[in-house]
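As written, the chain order gives the labels A, B and C, with residue 1 at the start of each chain.
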Amino acid sequence: MDFSVQQIATLLGGKVLGNSALKINSVSKIQEGLAGSISFMANPKYEQYLYDTQASAVLVSESFVPSKPYQTTLIVVPDAYLAFTKLLEEYQKIATKSKQGIEAPSFQSDSAKWGEGIYLGAFSYLGEGVVLGRNVKIYPQAYIGDNVRVGDDSVIFFGAKLYANSVVGNNCVIHAGAVIGSDGFGFAPQADGSYRAIPQLGNVILGDDVSIGANTTIDCATMGSTIIEQGVKLDNLIQVAHNVKIGKNTVIAAQTGISGSSEIGQNCIVAGQVGIVGHVKVAHKTTILAQSGVSNHIEEAGGAWLGSPALPRSEALRNLVLARNLNKLNKRLLDLEKQLKQDNPTL
Amino acid sequence: MDFSVQQIATLLGGKVLGNSALKINSVSKIQEGLAGSISFMANPKYEQYLYDTQASAVLVSESFVPSKPYQTTLIVVPDAYLAFTKLLEEYQKIATKSKQGIEAPSFQSDSAKWGEGIYLGAFSYLGEGVVLGRNVKIYPQAYIGDNVRVGDDSVIFFGAKLYANSVVGNNCVIHAGAVIGSDGFGFAPQADGSYRAIPQLGNVILGDDVSIGANTTIDCATMGSTIIEQGVKLDNLIQVAHNVKIGKNTVIAAQTGISGSSEIGQNCIVAGQVGIVGHVKVAHKTTILAQSGVSNHIEEAGGAWLGSPALPRSEALRNLVLARNLNKLNKRLLDLEKQLKQDNPTL
Amino acid sequence: MDFSVQQIATLLGGKVLGNSALKINSVSKIQEGLAGSISFMANPKYEQYLYDTQASAVLVSESFVPSKPYQTTLIVVPDAYLAFTKLLEEYQKIATKSKQGIEAPSFQSDSAKWGEGIYLGAFSYLGEGVVLGRNVKIYPQAYIGDNVRVGDDSVIFFGAKLYANSVVGNNCVIHAGAVIGSDGFGFAPQADGSYRAIPQLGNVILGDDVSIGANTTIDCATMGSTIIEQGVKLDNLIQVAHNVKIGKNTVIAAQTGISGSSEIGQNCIVAGQVGIVGHVKVAHKTTILAQSGVSNHIEEAGGAWLGSPALPRSEALRNLVLARNLNKLNKRLLDLEKQLKQDNPTL
């Protein structure tokens, strides 16, 4: 980004109060503003920072009336927060649009196909039968296995790995180092104590608008598909085992693990470092708090769960308070024992 | 896979009831069967699905007698489950056998050596002194550091990284993004509060038939070797620290971490998200349940452990029940206090 | 390493007792010594091993007087432990110094720049505007995004990925598969239940002497920077979310996760599998024990914390003891109830 204040004001439909020729090359929080950056002030709580911010320009809402002199240039818009969000999106669009074309050396099998607007970074690999949609970006060192399909406008970052037969929807983002379609962890015990791998022949299907975090791993199904539905957002370092299904618009934070064949409902929120055992169903709109362990079905939609094993949040919190005060409970018991002994000296 | 029903029946020693010319190109569960797929029905519980499955063919056991008309083609074999397992293994053999030869560009040092039947994918790297056995598959973008040795029939998937001097046995599988031989986490505190890295000069040794999951990390020993014995199976995103030893045929689920110098016995089963502190020994055939934290030696073989800190399972479960009912315990105590006060109004 | 005993003695300022012409090619613990290796004996506890070690040479301190005949060659130095440490460091210096030059094929944008002594491994990628200092080593398959800066003497191992605009100080080590600068996990809920990605425009800054473990992930800031200060050491598979700040010389063990915008003080020690929620501050010199969950500010410096939610260590331990003996507490309560009933038969 290297625009004038005036260009940004025009983009956002705003009015400039101050120097409209200043050049802007980054964004900042108002309390950390640097020269050359643009910031915003939407919450009156942050008004104090406006008067001495170093940011070259600040977006403010029409309703805002300054109570003191200020040094920065203002861009006045109907809603400062919305305008800033729009600015960020435009900025990111420009930043990511720039990658196009095929860098050399990269590897494309003879049978791989792709649509217009493609980016194939250096050292990326397209296996047999790969089909990529329009405006797909395959960053350097990404691996796209045989027969993988990727929908329009999806981005596969550097070093992400898609095993054969994976299916990725439109408008997905797969971050660096993520692994999609690794073997499910299935081994049959043998008479001599060793294990024999059960062939894992299924695949992984990601719906549209799915986001997968860095170094997250999603195993293929033993048969059929591990399914991540439309709009699901997975953070970094998450483990999704074979044959799991995650419902539409569910959001899961980092380092959570979901064991084989479990089904998470739609619009759930799962915090970080949660563990979910295999073969359970979690109802829609469930919230699971950090570090919890879910070991049973959660059948009622809309609840919040906490602890390992997870209990309804209010019950878990009550137990936590009691557990934290076990010494007091112990003291009360000692008092009673003492008192009873006094009452019954023969005991 | 693109075989006729007859070809599959011949492979499995079965008899066709129905259209033996149908083409099969995938496998499915009977309740999810699609046209072109083959399924199996071994458990009478699933018989209901046989009568309206869309699978083109279904393997059934000789003992099975249909109770209704069906649309699909049957292949009758002595044991449907065993036959299906054999089919899966044959399928996987064909699928993975197909990769052979050296793709360009890839990097092989002058001193690297390999046996017959090799696959070296594009953008893979073989350092100085690397020795690979027969039928080894090094997928694209894998890194094989200086002096690494890999035994016959082992598969190193895309993007896996083996630091210098790692040793991999025969018939091992290392999944995408796994890192073998990274520096142990050893730092000596200095007088000024900073830390100085302790050189990590050891290596990692994997026995035969070891499987390492996607994005799992195994650190090298400070001196000597981090040892993963024959038949060990590690799931995804596991951390194995320096100088750990994991005994033969032990199986460990995703996101578990084992700290430095600990020794896990043979034929243990460790569930997901378990933590094991450093310098402890875990006896053979120990089971450790999910999210447990092992902070002491486990000396008796064959036990099951739960909780953080981990206790014998039955003890941990009893405590969990009591902990979950702390409010009831509190209520009983209140009742006693109240009653004693009534009995002794002067209190 | 392939030196004579005499060469090593000269390097360490020691005196040889025995065969000074022997060749040394590895290091070992004295109890595991092999022919061709050098070991050390600093602790009298290990003296017993000296008399039958297979190591070709052993470093001993001047103060040591053998009590029995021995087979190995001794190198006598003022302090055996310090001399061994020096030897290890020299060894590692030689081992890593060997990598220099630019391997082909590798990718360097026209605008990328680097200092003398560079190593650019095969299949490594340098984006637009990249600036690398002197003696930087970029191992094969590493990705250095647009405008990334890396200071002198830093090492980026195979397959590590640095998103655009990351800043790495001098003398840093980033291990294989680590991801620096992936998008922060920020999504704005929409009226229809879906989520819209909030653009993540900040970066990651690593100070000097920082070490990042294998497959660890550090997200970029939403705006501004995620900051890892000088001397911080992160183990493997750690998650650091957007806008986190980790203070100087803090050490964090594997699989720990730190949520968005939290600040960890200087000289803290965080054990493995710890979770820290978002927007909290942890005071300097705090110790957090394994598997703990920090859900609030820790305001007093120098404390030790345990449990989930984390409590001061002594309090947490006391509660753990009580919790482990809940059955005894329950038994005492039953006794009281029984006794009171006997005293008041009408109840």
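As a convention for this text, contacts are C-beta pairs under 8 Å (C-beta built on N, C-alpha and C of every residue); 3 or more make two chains touch, one makes a residue touch a chain.
From a predicted model like this one, the values you see are computed outputs, not experimental measurements.
Interchain contacts join each chain to each other chain, per the touch definition above. In the CA-based superposition of chain A onto chain B, the rotation angle is 120 degrees, rounded to steps of 5. With each centre defined as the average position of its C-alpha atoms, the distance from chain B to chain C rounds to 25 Å.
Residue positions of chain C touching 2 or more other chains, listed in rising order: 105, 123, 141, 159, 177, 215, 237, 255, 273, 323, 329, 333, 336, 340, 343.
By the touch criterion given at the top, residues 105, 107, 123, 125, 141, 143, 145, 159, 161, 163-164, 177, 179, 182-183, 185, 187, 193-195, 197-199, 201, 215, 217, 219, 223-224, 237, 239, 241, 255, 257, 259, 273, 275, 277, 293, 295, 308-309, 311, 318-319, 322-323, 329, 332-333, 336, 339-340, 343 of chain A touch chain B in their complex. Remark: chain A residues 26-29, 32, 85, 88-89, 91-92, 95, 103, 105, 121-123, 139-141, 157-159, 173, 175-177, 209, 211, 213-215, 231, 233, 235-237, 248-249, 251, 253-255, 266-267, 272-273, 290-291, 320, 323-324, 326-327, 329-330, 333, 336-337, 340, 343-344, 347 touch chain C in the complex.
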